[in-house]
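These notes are about the structure you will find just below.
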Amino acid sequence: MRIHIKNGHVVDPVNGIDAVNDIFIAAGRILAIGDAPDGFHAARVIDAQSLVVCPGLVDLSVRLREPGLEYMATLESEMAAAVAGGVTSLACLPDTDPPLDEPGLVEMLKYRAKSLNLAHVYPIGALTQGLRGERLTEMAELSDAGCIGFGQSNVPLTNLRITMQAMRYAATFGFSVWLCPQEASLANDGVAHDGEIAARLGLPTIPVCAETVALSNIILLARETGVRLHLCRLSSMEGVGMVRDARQQGLSITCDVAINHLHLSEMDIGFFDSNCHLMPPLRALSDRDALRSGLQDDAIDAVCSDHAPVDEDAKLLPFGQAEVGATGVELLLPLTLKWGMEMRVPLIKRLAKITAIPARILGIDAGHLSLGATADLCIFDPEHYWRVAPSALKSQGKNTPYLGMELPGKVKFTLVNGDIVYEDQID
Amino acid sequence: MNTKKLQLPDAENLFADLANKIRPDINKNTALVGVRTGGVWLAQRLQQELGLMNPLGILDISFYRDDFDRIGLHPKVKPSEIPFQVTDSHIILVDDILYTGRTIRAAINELFDYGRPASIRLAILVDRGKRELPIAAQYVGAEVVLPSGKMLNLQQGGDKKLRLSIYDKQLPA
Amino acid sequence: MISRNPQLNRAGELQHLLTTEGLPVAILLDILDTAESFVGVTERDVKKIPLLRGKSVFNLFFEPSTRTRTTFEIAAKRLSADVHNLNIAVSAQSKGETLLDTVNNLSAMYADMFVVRHLQSGAAHLIAHHVQSDIHVINAGDGRHAHPTQALLDMFTIRRYKRDFQNLRVAIVGDILHSRVARSEIHALTTLGVPEVRVIAPKTLLPAKVERLGVHVYYDMVKGLKDVDVVMMLRLQNERMQSANLPSSEEYFKNYGLTQEKLSLAKPDAIVMHPGPLNRGVEIDSAVADGKQSVILPQVTYGIAVRMAVMSILAGN
């Protein structure tokens, strides 16, 4: 379909575009920016007056809950949620049931996702069989099946030799390894940050050293093995500092922070709000502030949603027993915009954190509006504030600490391969 | 609000009458029990006036009220104190105003939870009628008829002198 | 988001008793004052009053505790309530029924009050958040979080022996980290205006940031007990030796057990308290537990009156 996007505020961090302009799309690709090509007749004109037009969002951490966990969410529901959030490419995590540790599972997931014709799905394969941290998966086979990297989701590796071997093997083929730094023996049975709130509420704790000790090990092993390492979801000030130091010493690593840790702290747990039961745990205000400025000064590369839809019953339990995680793919844009507004970060840089940079981390050709590029776009109203409510979320998971909050940035249109896959209903 | 001023009897005169009515019936076994708060003031005065030797009992009937479901627990409940053996004693229960009879019902119930008295008689400063339970006082200072919207209240001044006052039900003093 | 205090109703009255944290002083004092009236009731011929006649109180014990359950049962029966005891430690929960399923089932049986004991911190809050508005929830201990009635009976005991709270120095000794009793005591003491609350424990038994609760931290009994008016001992669970919190109960007793010698560092009229059950020779020496400064048995007696007070105030709100 030929589409003419008119008068939008076009923002493309890769090409340095930040101005009102027109975009012309044909055959699923970006045909022109500026003047209409000769003889261009649009089948659809989108009036983007006062809207922002940017590359489709790239989310580094989404749980689609398939296969096996359909009682929490389905591919259909979460893919619909993704495009409603302006996300056109996403990395999905291997913590399904069974985990993504066999090529057949990955092929099936890719096939099912593709047939929905919504966002592009890039699976992260399991690093170890069954995520048990004992035996390596067939990474080369999994890569052929479509995995773009290998990780453990939230399941910790408890044996450093296995970690080293997994990194070595991945490095052989140039595969990236994605790890959440958390030392299992220090996290133990903890559910909350080792701070004032856990002291008050009597919750078992996960100290900051669970993150820093793991980071230290992982960074040393990455240096030893030369693996391409991506660190997922930092949570502490000390952690950000260690990543910054490692980079200054020349280690090439990337890392991300989740939308939750960018805005929330242990204080938000209030009276045992199980929507704040997250992994890693929400930490002190000083940690949150360090994450916010780390993202600003690029010690942290990207923001991810850490999307984890959970069925309602699994959250209606005492804090420590409640299922971990929050739905978030529809909040990635608003919460990144909010961070940028509060930190006075220019819009083009805010959007880079959820488009161009995560695309580069994934190693995919996405997150930009170059001529001839696949027409994956997000068109949103930056001035439209909306209230986070169960009815406002397409995701099957309604569990988020942000329920009831007003957030900026409403997605109006999402385009994938030049097709309009999401259009906001006029309200 | 109320144009016609009601003429209330003098509480001190009523008290003197009441004491005189009780005096012929007492002996050394008689025990006085006052119901908080007005009844306790009266009982203390009677104790003195009649020269009784038994220690004075005090009841706070908050735990025995029949309107707990509607109004909850009184915020300033004080302990009941019955410093004598209730079983086989001759008790004169003392309260300031007798109206529906519900307070006296509660007080009798509470007394029986301390033991089985030989007898209970009731002394009241003012009986304003309109009983909702079959309860009658043996000793009454005066009978006063009031409209049902009015409440009668006994107060004790700093000089221990008793005084009656009247107020509207909706606006407690 | 931090919402309003979940234990108060819209009129600011006590709707549930979940924790001593954040309770207004007036409500704490009201409970203590009301309990004074109930002490007398337990000394009468008929130890029963008709206040809660016709009300149904359900003891929901997801973690077994005969002792605590019994004190609530006695309190409820003295108020003439109908008491139903449910030990749900394994039965229903293992069949996949959730905590809230259980509660909803019992609500359908016209419960008026739930007394809840659970292994998980926050369980009582969760239940209180989901019950119908006419049901009252009393937390009888949730995980490491709170045990408000124990703290209140401790406050009642302190007031009986020490009159007012404004000039006291109180030391809480032992496993603060895992203790719901300690947390509730700390909040009650600081709310009632005790100027100096100390905690004494090894670092392995103290929560991070415990000083944020308004206490002074000591690692040493000799310094910590000096000139205190009240010594509150905590029970030491055997698990602490397995989970690398402590090497042995013998070494613990040597450093943190209360002996007559250590007690002599406190004020001469200091009282010794313990929530029970006692581990003699682990956290407290028998001579102290049975000594003249011990008020451990009065604590048990007052426990009934305090629980009666809490139940009758809740039922009336």
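Letters A, B and C mark the chains in the order given here, with residues in each chain numbered from 1 onward.
Following the convention adopted for this analysis, contacts are C-beta pairs under 8 Å (C-beta built on N, C-alpha and C of every residue); 3 or more make two chains touch, one makes a residue touch a chain.
No experiment lies behind these values; they were computed from the predicted model shown.
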### Message
Applying the document's contact definition, name the chain pair with more C-beta pairs in contact, A-C or B-C.
### Response
A-C
### Query
Of all chains present, which has the mean Cα position farthest from that of chain A?
B
### Message
Which chain is most central here if centres come from C-alpha coordinates alone?
### Response
C
### Query
Where the CA atoms of chain A average out and where those of chain B average out, how many Å apart are those spots?
75
### Task
Averaging only over C-alpha atoms, locate the centres of chain A and chain C and give their separation in whole Å.
44
### Query
Between chain B and chain C, what's the gap in Å when you average each chain's C-alpha atoms?
40
### Interface hub residues of chain C, defined as touching at least two other chains
none
### Task
Specify, in ascending order, the residues of chain A that touch 2 or more different other chains.
none
### Message
Which residues of chain A touch chain C once you look at their complex with the stated criterion?
### Response
194-196, 198-205, 207, 267-268, 270-274, 313, 316-321, 401, 403-405
### Query
In the complex of these two chains, what residues of chain C are touching chain A?
1-3, 6, 21, 98-100, 118, 120-123, 125-126, 130, 142-146, 180, 183, 207-210, 212-213
### Residue ranges of chain B touching chain C (in the complex, touch as defined)
60, 62-64, 68, 71-73, 75-82, 86-87, 109-110, 112-115
### Query
Of all residues in chain C, which touch chain B in the complex?
30, 33-34, 36-37, 39-41, 44-46, 48-51, 312-313, 315-317
